[in-house]
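Next come two complexes built around subunit A: one with subunit B, the other with subunit C.
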Partner chain A sequence: MSTTTTQSVAATAQAPARRRTKARIHPFLFVLPSVVMLVLLLVLPIGQAFIDSLRVDGSWSFDNYVRAIRRDHLARIAIKHTFIFAAVSVAGQYLIGFAVALLLNERLPARGLIRVLFIVPWMFPAVVPGIVWRWMFDGLYGVINEVLYRIGYYAETDPPIAWLGQTSTALPATIVANIWRGFPFIMVLLLAGLQAVNSELYEAAAVDGANVWRRFWDITLPAMLGISYVALLLAWIGSFMNFAIVQVMTAGGPANSSEVFATLIYKNAFLYADANYAATLGIILLALLMIPGALYVRSTLNKGHA
Partner chain B sequence: MALKLALVVLFLIPTLFPMFWIVVSSLKSNAETHTLPVTFLPTEWVWENYKEVFERRNFGRYLFNAATVAIATTAWGVLVAAWSGYGFARYDFRFKPAIMAFVLVAQSFPRILLIIPYFQFANRFDLKDTYIALILAYSTFIQPLCLWIMKEYFEQIPRELDEAALVDGASPYRAFWDIILPLARPALGATAIIGFLTAWNEYEFALVLTSTERVRTISVAVASFIGEFTTEWNLVMAAAAIATMPLVIVFLFFQKQLMHGLTGGAVKG
Partner chain C sequence: MPKGVTRRDLLKTGAAAAAGAAVAAGAALVPNAASAAPSPRRAPYVRRQETVTLRFMTHNTLEKPAGDVLKEMIAEFEAENPNIKIQLDEVPNADVLTKLTAYAEGNDLPDIIDGQFGLSSFISLNAALDITDRIDAEGLRDSFIPVALQAAMDSEGRILGMPLYTGTDALYYRIDHFEEAGLDPNSPPRTWDELVEVAKALTNPRAGRYGFGMYGKTHTQRVIHFMQNNGPDGEMLRLDRESGIWTILCNSPDSIGAVQYLVDLALVHKVVPPNVVEMDYPANVSAFAGGNISMLTTGPWGAQTFIGTNPELEGKFAVAIHPTPDGSTPKLRQGSLVYAIGRTTKYPDEAFKFLKWIAHDRQSYFAAKAGYGPTTKAALEDPAIAEDPFLSVFLEQSLTAVVEPYEVELPEWNRIKDLFDPEWQAALIGDKDVTTAMNTAAQHFKDVLGDRAELKYPVS
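Up next, the complex of A and B:
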């Protein structure tokens, strides 16, 4: 890496100034297609949504924002659920992902195959995790109830648990599905981090008589801080804006008990036909995502310059 | 070692069970999915469920739609990302740091926010229920990540290679197309997979921007299946299996590129 940098620095220095001025059209033509796409199909739509969010009955107003923040009971519930959904999901994905990554970093027979098997949840199309977990959590014929019944969690006379049909368990059920879906991504990132840790450190520590915990605490954890930070940010962003899993499993119900921001936006836009208010909620969601987004940008750019 | 393997199995069971359950449920008869106690293997293996999904629900069409959109998204999105990624890798110009920062932050834009203006645009420009609307949307979504991966990869290719071509009298476009692009095959593979998976998996835009089976993709078809047929879980599961099959194939063949691509280049393939 360092040689490439030196080479490119040297090449830039050698490039005569006159060619650089003559060639000013080239960089423009190269970056144009992508920039045009990003502006027309990303910047412009967001601008449009922002303008929409400021329109109430044909005039300019902040009323949609006031409504979202101060008056809309549902928005407050949805934001709370979104934070719970993201926080519990990220914690679960990270802990399971880390545990599995540590396991896969050990000497194991058929490690390649085992790794592929652990990535299975990740390869389903976005709607399928929601669908299969909805079926597994089914209150009448769901396999989860069946397993709980067989291990003696409840008796035959007890009513089966309607996981997705009661307000107390709907959101936790969607979180379980989301953890299942998302942990392989974290696992892959963390495994790459583990494999980059200098194995001589472990050997030296073993020679010094450090036990497994000490080695984990003093070598593994510090070495994993950087990659963990990125993994947690990406997992948070992914869970925070999740739509497919919740929409397919509960569509936010019952009685909004699993309503997250994305499903609420969808409802406002396409069921309540209130596009301007949906755009307002969308802009708020965007603003909330810009905090982890900015942290991610900073960490990635810093890494690039290091 | 035994302990480690036991732990692996302990974690693998819940990881793989949903896949197992899709397959098992998809092969049960409808009556058996509504029987207690729940059986863990079909008592009667009903392979006709798959035939029924194709014949009664026209799933061939949805597969064709999803493949068309995914392939076009991949081709167009990757071409643009490579072309522009080269520009970002090789030239310095005003606003470049700002654009690159935007490209990174754009990865955390919530798509659900974009749905509303896209829906309005599609209506205004008569693009509802067209492939082109989905292809444009998806190739835009993959742009930030793919552009970033391509740029990072081009930056690792020594500049001497382009310089030599330029000295030989080639235009920068020739140098890019003939010399550099063939060297960037791993990055092209990674971005191509991102494009394909994004387009194949996407749900919410296809849901909103299509209304007939002419363009509707398999994800939407599977999800809407639930609503219509909550009582026919065996068919829903067969549909889910069909939608997943192409991904399994892509997955097994391109595992390396996939790791590299889906982790945004954080894991070197």
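Up next, the complex of A and C:
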């Protein structure tokens, strides 16, 4: 009898302890699959790439990094183009995305359908807009030259403009395609932000006699700062690592005038069989992307704590 | 657990599966028919003939009509060798090197690999199996045309593959365009000056027609054809076999003269499409087949490719000897498509058998049917090839053709080609003068090759 009582008391005392242990373990179990996947698909490949980047002719060295930073003229060209590509793309995507979001926030007929249509460019894999815009910009058969000719921009006897065949226009042409593809993403984010703004603020401002511009400047813009910050960071990351549009439209040409970092990595890895150097360039790209990445994570965590 | 299924049922199923697996594992070793009857002696076991599946990486099956011919040959091979199955791994022309690199890096090379980007790609990736002994054991070395087999040999003389087809570039021209422009289609241009004059006569920008097509985006190695015929130092690189040193010649006066001639076609005479640096091989083929360009240099495969693109073109174009500065016999680089056996294949015997079948045994059939340049001596004598009006032009040119060592032996050739392209493009669109562009290219070559190369001409 006494044994039974002792056992039951012990069991009663162990139950909360087991529950506490379970409570401590369960959260880790829930995130374990994600952690395993991250390690397998992200941490290990990046670690391998970093190790590869330090291999030069069978020995360990930072020479690949020295080569990328000091000796490879193409790497310097590509990084400059990448910053231009990302900066202009993000600016264009943001301005157009914001304008369209404001438009679609108004009471328009068939507003739902119009919203869906505006998202279409973003729904395609990047290769598709690349192909579409490549043909639109084509010097011989492109619709853009045809339109310019029809509106009288150039005469019948003038040679057509080789948009993708000139060093001055190849990179801008790829930026146009990237803006077209990327603005719907920003539009969707900003539209969600606009819909979260309390309508009573606008009504109160209207009663106080504020015009459209004042309402935009004093209510809309401040309310959109947080979401704009996130949208700009994500757009920057997407544009900075863009590969498909540039590769499909120009492959970095002519004369390296549209070479970006991602196309240079591809060439080293797959055309020159220089995997270690490609890994080095990949690590450099990763390091450059970690800055906006860290800012994005910080802003997300701040929201979580708020 | 589904309703009605007990733990015992599952155990039974598991046992059955285990037994099945055991049977499957031992499937290669089965008793012969005699063993079915009771016998006091243990029945001798024989190996059942396994079916071997070979992965065949190729871009040719995606082409017309070569693809159909190749598939026919594969079907014949499988019928004759029922224990060997061919599994096609079809890769578009432009993606061959990307895919091959991925396979090599992933240690997943197909049994037969495609050398669309030249033997140097096999060498730089260490992707091909050395088949020298097999070639010699079967006495095949002398049955290939030497210049074709040379494209499959590395600097140490090892044979790393077999050429499926070969060819130089010749001048294709549109007969109908010549007639419309009042030119005699039986007198195609032979000299560079004639090429300019004829191209001018054919050019009509209003109609979207240009006299000559050039490769401004890819396949720029075709510039070499013009360099080679403009003097003794007209070349990209020259190998000194004794020292192993490459002499950089892309900035020699002969090479610069050749590039200047081509640049003038674009910028001075304006006889090439204004978007020339957008023009890769498919774009040029489309432009020729669609009537936007009237003359184009390409290999023997061009004829069928044009007809495949535009069937109405049959009979409307002809082929002529590649023009040279003075109309003399051209000296041209010989390009060959080499297939090799993947270095890691588990079935080298079967892979060799198949490779020999397509590249050697059935070579005459393939060359005649697909219209590609033959690689064996037997195919050369085949009347279907020797009397073909197109192929005969290429065969005539092949007598003086050469295999460029750098395209075969230099592992960095693809990088060097890619360093040449931007300079060639910059000259072609007038961003740089030709001398500056070629000097820059030469310096890039030197930077890549280091001590293995020397500059013969100053770069500044």
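A few notes on this one:
Note that in this section the second predicted complex is superposed on the first by the 280 of 306 C-alpha atoms of A that agree within 3 Å, B and C clash if a C-alpha of one lies under 4 Å from a C-alpha of the other, contacts with A are read in each partner's own complex, and residues count from 1 in each chain.
The criterion applied here is as follows: contacts are C-beta pairs under 8 Å (C-beta built on N, C-alpha and C of every residue); 3 or more make two chains touch, one makes a residue touch a chain.
Nothing here was measured: the structure is a model prediction, and the numbers come from that model.
Shared-chain residue A:269: touches subunit B and subunit C both. When the shared chain is aligned, subunit C comes close enough to touch A:162, but subunit B does not. Of the two partner chains placed by the overlay, only subunit C lies in contact with A:255; subunit B stays clear of it. Of the two partner chains placed around the shared chain by superposition, neither subunit B nor subunit C is touched by A:95. In the superposition on chain A, A:136 makes contact with subunit B only, while subunit C stays out of contact range. Contact with subunit B, but none with subunit C, is seen for A:118 once the two complexes are overlaid on the shared chain. Residue by residue along subunit A, subunit B and subunit C are tallied for touches, and B comes out ahead. In the superposition on the C-alpha atoms of chain A, the part of subunit A touched by subunit B in one complex and by subunit C in the other spans residues 138, 140, 269-270, 275. For subunit B in complex with subunit A, the touching residues are 4-5, 7-8, 11-12, 14-16, 18-19, 21-22, 25, 33-38, 40, 80-81, 83-88, 90-93, 99-121, 136-137, 139-140, 143-144, 147, 152, 155-156, 158-160, 163, 172-173, 176, 200-204, 208, 218-220, 222-223, 226, 233, 236-237, 240, 243-244, 247-248, 251-252, 255, 259, 262-264, 266-268. If you check the complex, the residues on subunit A that touch subunit C are 71, 138-140, 156-157, 159-162, 164-167, 251, 253-256, 267, 269-275.
If you check the complex, the residues on subunit A that touch subunit B are 1, 4, 7-8, 11-12, 23-24, 26-35, 37-38, 41-42, 44-46, 48-49, 52, 96, 99-100, 103, 106, 108-109, 114, 116-136, 138, 140-143, 146, 149, 180, 185, 188-189, 192, 227, 230, 234, 237, 240-241, 243-244, 247-248, 261-262, 265-266, 269-270, 275, 278-279, 282-283, 285-286, 289-290, 292-294, 296-297, 300-301, 304.
On subunit C, the positions that touch subunit A within their shared complex are 97-98, 101-102, 104-105, 121, 124-125, 205-206, 208, 216-217, 270, 273-278, 287, 292, 411-412, 414-415, 418, 421-423, 425-426, 428-429, 431-432, 447.
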